[in-house]
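Note that the chains are named A, B, C, D and E in the order they appear, and that numbering of residues resets to 1 at the start of each chain.
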Amino acid sequence: MEFEPTIVSFLCNWCSYTGADLAGTSRMKYAHNVRVIRVMCSGRVEPTFVFKAFREGADGVLICGCHPGDCHYHEGNYKCLRRYHLIKKYLDQMGIEQDRLRLAWISASEGKQFAELADEMTETIKSLGPCKVKNVMETLT
Amino acid sequence: MEEVRIGVYVCWCGSNIAKMVDVEEVSREVEKLPGVVIAKDYKYMCSDPGQDLIIQDIKKHNLNRVVVSACSPRIHELTFRKALENAGLNQYMFEMANIREHVSWVHTDRAEATKKAKTLVAGAINRVKWHESLDKRHVDIDPATLIIGGGISGISAALEIANAGKQVYLVEKADKIGGYVAKLDLTFPHMYSGKDMIQPKIDKVMNHEKIEVFLNSMIDEVFGYVGNFEATVKAKDEKEIKFGNVIVATGLKPFDPSGIDNYQYGKLPDIITSLELEEMFINGQVTKKDGTIPKNIALIHCVGSRNTNYHEYCSRTCCMSALKYANQLRSALPESNIFNIYADIRAFGKGCEEFYTNTSKKNVMFLMYDQQNDLPKIKKAGTGDNCDMIIEMNEKLSGEAIEVPADMVVLMVGMKAHENAKEIAHAVGISMCGNEFYIERHPKLDPVATTTDGVYIVGTCQSPKDIPDSVTQANAAAARVLATINVAHMEVEVTTAVVNEDVCCGCQTCINVCPYTAISYDEEKNVSVVNEILCKGCGTCGSACPTGAIRSRHFTDEQILSQIEGLMSMQLQI
Amino acid sequence: MANEKPKLKVAIYWGAACGGCCVSVLDVHEKLFDVVAAADLVFWPIALDFKYKDVEAMPDKHIDVTLYNGAVRNSENEHIAKLLRQKSKIMVAYGSCAHMGGIPGLANFTTKEDLFKRVYEETESTVNPDKVRPVPKYKVPEGELELPEFYNDVRALDQVVDVDYYLPGCPPQTERFVEVFMAIVTGAELPPPGSVVGANEKTLCDECERKQTENKLIKEFKRPWEIQDDGETCFLEQGVICMGPATRGGCGARCIEGNAPCRGCYGPPSTSPDPGAKMMSAIATMIDSNEEDEITTIVDQIADPAGTFYRFSLPGSIFRRKLFEKE
Amino acid sequence: MQGKNQTALCLCPTQNGYTDWVDLNEIANYASEKLQIKTIWFSNDLPLLNAEIIAEKIKQSNAVQIILAGDKPGFFKPLFSRAMRVVGLDPKNVKLVSFSEYGAVNRYHTGLAKALVACAFYNVPFDVAAKQPAKNVNPETLVIGGGIAGIQASLEIADGNQKVYLVERTGTIGGHMAMFDKTFPTLDCAACILTPKMVEIGQHPNIDLMTYCEVIDVSGEPGDYTVKIRQKARRVNLATCIGCGICSEKCPPNVPSEFDTGTGLRKSIYIPFPQAVPNKYLIDADSCTYVKNGKCGVCVKVCPVKDCINLDEKDHEVELKVGNIVVATGFQTFDAKKIERYGYGIYDNVVTSLEFERLVNAAGPTGGNITIRTTDKKGNKIFKGDSEVPKSYAIIHCIGSRDENHHKYCSRVCCMYSLKLAHLVKEKLPDAEVYEYYIDMRAFGKGYEEFYNRINSEGIHIIRGRTAKVLDKKGKLIVRSEDIEADKLIEQEVDMVILAVGLEPREDAKHIAEILGLSSDNEGWFKEYNYANDPVGTYNGGITIAGVCQGPKDIPDTVAQASAAAARVLQSIILGNVGAGLNTISPDVIIEKAKKLSTL
Amino acid sequence: MNNRVDPNFKNELYKLGNKESWNDCFHCGNCTAVCSLTEENIVFPRKAIRYMQMGLKDKLAQSAEPWLCYYCGDCTETCPRDANPGEIMMALRRWQTVKYEWTGLAGLFYKSFTSLIVALILVAIAILTIGFMKDFNHEAIMHFGHSLEFWLIICVFSIILVPNIIRMFYFTVIKAKVKAPIGSYIAAFLSLFGHMFTQIKTFKCDKQTTRWLIHFLVVMGYLGLLVITVFLDWFGTENQSIINLGYITGGLVFVFTFILMISRLSKNRELNKYSHSTDWFFIIWLFLMGLTAFLVRLFIDIDLLTNNFWLYMIHLMVITQWGLLLVPFGKWTHFLYRSFAVSFINLKKASLS
């Protein structure tokens, strides 16, 4: 059976979640691998969530926020951007492919972009194969 | 913690969900999850019978948490929250799983879609276990309003509010109100009288029973939060005032052109600013310093504006003022030669383009220059020149380097933020853009509010603008104030951040993070304190807190981490 | 006074550790009398000559308190940990290594194979042409020699056995140890099992003498030697990563007083699900830029985020170890 | 204090050549008989080029105060001020009475003009003398128009705990703003910031949203209006429609979508756009097969909700009682077909800015791909996401604006939205060449100049010079303009031309003005009470105007004005009464009051 | 100071054209772009209007561009500010005519209607005087008339027109610092005649075919008439084909000038809206010339001339006024300048490339 990755995604309430909703109301089809968690702002997303998702078996993590300058809370998305880069560096050190984590800006009108992003991310993760964090952690000696 | 008793409801949404998701299987499966007391599926959860189903179950099964798995929470979260309230349950004991917009409408494989739906519901179930009751909170609004600045904006706002019978305190730094508009002879584009326009308003404000005017006064610091501010008016006698809203209308300061070498302001006698010319018109005589009448008059636009060496922004009114002056000069000195040295004519207001057209018919010479890179140079004329000064410039419309004769040069100085802008910003707790104008809450949809609830900015302290635009803004702020006063209390966000003082170490990392300055540092306790009235609940501080002392209510670490666990556990079971 | 009660039976064991923890116990100085007065040391390999079989011979729950220091690195550590658990009423993870993996836990950035290769083959001083490596069982004429098995992963104590209390620190402050110990001795009400003891609920900043302001905006990360430290300004405000805000207080701010930033040996407060993540989040938030390029440049100045934020806690973190291809 | 006979009156005839203007002779008679002003001049009899002669005349007349009255007499004021100075009198005693300031612009307003003169004569501010008696107000408010102005005004009032009826002509609120992709200068997406407000409208307990409705009659008086509204047959039950969209899938006809400005197609039963509020379907009777010939009814068959679709529904009328009315009817864009030289309607790839707005919009017909216009099998000219992508673009400013042949006024937004569109093209297609042709760059608002500078540095060719014509050359478009700063003529070959069409009053603005009794200016924009002093009031008590229906403006200015209109409404509700309006008060009453208040 | 702006320069120009809209232009460049005759580096009318508004006389004298305009009216029709660029160009051409013309008479006649009338009357009196001196002898006068025509052409050409063309060259090529290669001078010279007689450029204007045709026919008629009367001695010849040709050319002239007059009166098109007095003189005299010549020959042919000798006197008066006043100092020169302008512009183009 083909590997079907699981991607946990954190979507900000104002732009990205609405964008994802728009993909739905516009009946765009995309890969089923993305599971959405709603946060008020991408600025709420912290490393713990990302690590936890991998630890629980996610193969990829996607964070979406408003485009730079559009944040409903002014600058939350920039805070997320800063964290994102540090997390990526850390993931790399931990032997987790950086591409498993992705930050993207999705506005409320970008339903299509969200759908494309979901497909794209799924493809990327498929090519990376399953993330082993969970398995390894459970079999530590 | 009380025993968790969750009811789960899976919606068919007609066939919208049911077509792509086996809703019955979903409800069957999730019923097995720990904490779930009952799981049901129903055609239209959002319909009245659907909501009734939830309400009945809450009562019957003593549920204390509810998960609805249906469409986007952006559509129906409020609906179901209300249903919970109706059943006597706190509305935050609810979570929604979006299996329509995020599942049935976007996927094509029914098995996979069903699987995904189950995981989403499991996530919601896991999350809702950690939900806590949150109570809507209100603050009362003091019906009085403080207005800082007695220019046209402050006056207009004051009248708008006071005319509705509400108390206004108007604090003005100068010894009279009226601001710059009171110093205008005529207004563009209709050449109405500035004085006739504002004088009745000034009189009204000064005699209004609902307006208390403080002249020669300042505000040091405003304490409190929306609805409940207080401050001391510093004048000869200090006075404590209490108010519910603040309107900041501190206005502008004209740009000082003496820093621009090319323009020789202050060095040659008949180089004046637009304000000095305005005064001449009010006094009925436009003359040179020596008392004679100027033959050649040049008006240079964009002085201090649209030039990154001074101010990058456009001052919005100078073009039209310059055109107005051209008209006034043409009337007062019919024989004079008038030169408008401009960059772009920005005649955008109602009736303004027409005014520009009419002005150009009055034998006014328009010369275009590059306001960023190539400023005209004013120099003293020679003996044979037949004029006092020569302006050397590269004219862009002809491409020629030309000389313009001038006996008087009027510099159309731009607007700057008021010199007290910074102090006032501190006093009332609002922020400024790079150029000391105040930042509005949203540049498009909320141009008069600030990120501080209850504090509004109107007129030229927000950015340069003309009289109608200032008046409009003033009235807009008045609307906001009147609305809150009318309601008398304000609902504040409950999903705010809260600091666990037992953990907070006082590192103050969070303070800069907050865009609403809702967090302050309590020196005595050495902890940060969230003002929950100012907090909008974005959660960014919670993520920035290195100790985990800040909890973002309704988006706590436990809730989100459990949701992740839920999402993934169901995933593995299947 | 203490004599009126039966003396506590205390065991102290040294797993994968440097020995500092044991020294910290010895560091009690004159308080040792109180300790000795109150407790019988029934097992302490570093100081007293007990055999494992002595312990094995004890009935279950015979020992009142076991202070286990060091991480679990090999089969011997694991065996003794389980043994002591079985024989003890209270199991205390003593020191950072037992608590979160500690410095030995940094070995989780590599593998057993690589370690052996380096240690037995590659170090500059090694002469091992036959590439001989330790093996758990080795036959010699005298019989079979047994070495404990060296595990691929370092684990914190609680990843092997249930732990009742954690007494963090590298090593734990002796005063804290005494306090805790005396609390147990005096029979004071004990906190719920699983608690961290001997450390504050608040983090280090609370007791740090340096001046704290909200001015935590970092344009450039600096190493401690790169700053002109005035001894008063918060390290973070000088661009130096200090784990203070995310590390429990109680250590007495020893490092800070030595003008060195906190490295995090006391571990995170209870509100932190992962020992480094919160700090990582906070530090990243402090980056003073909204431009992606500039952000990456600044992030790159943190040479080793994993080592920085999980210096004492890698095995105890969410990820526990680095992943390798072959796994 | 100036005595009566020390006032000179100078009457200034219209400078704009209005034929049916205020009767100055009547005013002169009135002034000399009733006000007993001895010295009355007509400005065109005076030597307006010579202050000295005028000074002489002032001296002769013994006047110490001059009232300049007429059509914008401010234009002569500096001359008279100077003359006063020459005589040695205080130039501040030149008083202005501008008839147009309070809307006295034709013969019928001669009485009002008289009152204005009288107020100046008696030295009483007109607003004081013309203060209308207050009437009790019904606290409910009608807002006409569901664009951003109407939305803002409604929310503002509703948040003040007052009932609002929001009447919208189309099937959804949102107006033009909902069609935009990004908004200048912050480039935040219009939907992101607008849709939450729309949702708020839909859910607000104080707002009664009436979409697909038209106001057909207003009667009554300020504070107590009776409004007749035609509820157009939606043919879908708002209460039961669940917005599932199955009906639309099966609906046979495809017609140009209004929301997409015809760049894409929609069904007969449709939802204007996915984020519409209310998010419910409606049937467009003009294209519905059933309505046309009684056959079809597929939608009814597939609809999962019983009795939700009623294809035989008829329009019906509703009557409301309100105290205040906020008019926010907005605008329409200039019809670019009127200027044939630009080839709109002739060449496929000449598009209007509004069409382009849909084209770059990720939620638009092409999913945000900019493509050329194509013709589908049925002959519809539409855009498809997979068509060819134009590589070069010309954006032409001031289409229909600043043009004596069309609209004389500046539309205020085109410069900025053109810059924005240029940026959006560049953002999507970094290799595309974009040429912008402008007359004056009007980047006047907050952050606008900075935006202009930013766009300027993005490699967009911004050319000063109005394009005169667009020609077709073997499928490519040739844009012919002068590049004024480079001093040459350019014939730029591009793939797509975007016409920055200006704003104009809606076609039915005149009709609405009639219903409500509003005044309009020459162009058809609604006339505010006072240009500077009161930009939202009207001469009708209880009726305020907001947004572009008053004159072109951008979003922040619209929002501010909408809030300002709401302020007026809230004020009257809080007070419990509303002024009757200038047009209900007799000039004689004003004059009497001025006389009474006079200190003379 | 040649780069000093001069707001009063326009006052000087007001007399040369309709002054209503001269300040209106806000320099959008529409006129330049809408004009079919502009080319990459040959831009007008806006640039010339700019010089005019700013009072940069030298620059204006140096630009030959106004001559390229055939006043089709497109610019005026589409001008967003009703600034009437077409008419301004016309006025500028008049100004340039005055500028090129060395005697100053052109300026006098353009600005002063009276002086032109006086001059016309003086010429008429002179002809009458000569007629009187020749006792109104019909043979002698016709003979005199014939040689007068001949010498008039020679003199006007050599004394007035050629120097003016040289002045034009001086202003628009030498002072404007046009540095073209020698070869381009030859090419420009060769192209001169084609333009002069065909005005082929008009074709580039949109929708101008009829206008061009009328114009072409008038020019052809006029030139034909000139050659036939002066060089082929139409009134004296017996050659029937010459006579017929004369009728045709004469007819062409008066019929089509009549049509032009009607359209000017009706002001039906942009280009007809404004007419300067000199435009009327030009067209009326052309009409009279054609008509009287036609009638004279007709009267000769039907032997009525002897009894109606006043007809020839009128013809001679018209022709002398035309040749002495209207040709060197009036609109006729446009025909010449325009053709040369095309060549000079070609030089400019050559120098730029």
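Rule of thumb we're sticking to: a contact is a pair of C-beta atoms (placed from the backbone, for glycine too) under 8 Å apart; a residue touches a chain by one contact, two chains touch by 3 or more.
Because the structure is predicted, anything quoted here is derived from the model rather than measured.
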{"item": "Given chain A and chain D, the chains that contact each of them", "value": "B"}
{"item": "Chain nearest the overall Cα centroid", "value": "B"}
{"item": "Centroid distance [mean C-alpha coordinates] between chain D and chain B, Å", "value": "23"}
{"item": "Distance from chain C to chain B - Cα centre to Cα centre, in angstrom", "value": "51"}
{"item": "Distance between the centres, which are taken as Cα means, of chain B and chain A, whole angstrom", "value": "31"}
{"item": "Between chain A and chain E, centroid-to-centroid distance (C-alpha), Å", "value": "79"}
{"item": "In chain B, residues with contacts to at least two other chains", "value": "74, 345, 357, 397, 513, 540, 543-544, 557, 561"}
{"item": "Multi-chain contact residues (two or more partners), chain E", "value": "26-27, 47, 81"}
{"item": "For chain D, residues that touch 2 or more chains besides their own", "value": "186, 188, 279, 402, 404, 440, 464, 484, 487"}
{"item": "Contacting chain pairs - touch in the sense defined above", "value": "A-B, A-C, A-D, B-C, B-D, B-E, D-E"}
{"item": "Touching residues (chain side chain B, partner chain C) in the complex", "value": "500, 502-509, 511-513, 521, 526, 540, 543-549, 557, 561"}
{"item": "In the complex, chain B residues that touch chain E", "value": "337-339, 345, 356-357, 360-368, 385, 395, 397-398, 400-405"}
{"item": "List of chain D residues in touch with chain B within their complex", "value": "48-51, 72-79, 81-82, 84-85, 91-92, 94-96, 98, 100-101, 125, 127-128, 148, 152, 156-157, 159-162, 183, 185-186, 188, 193-194, 197, 199, 203, 242, 244, 246, 279, 304-305, 401-402, 404, 408-410, 412, 440-450, 453, 464, 484-485, 487, 521, 525, 530-536, 550-552, 555-557, 559-568, 570-575"}
{"item": "Contact set on chain E toward chain D in their complex", "value": "26-35, 38-43, 46-47, 78-82"}
{"item": "List of chain E residues in touch with chain B within their complex", "value": "1, 3-5, 7-8, 10, 23-27, 47, 50-51, 53-54, 56, 59, 81"}
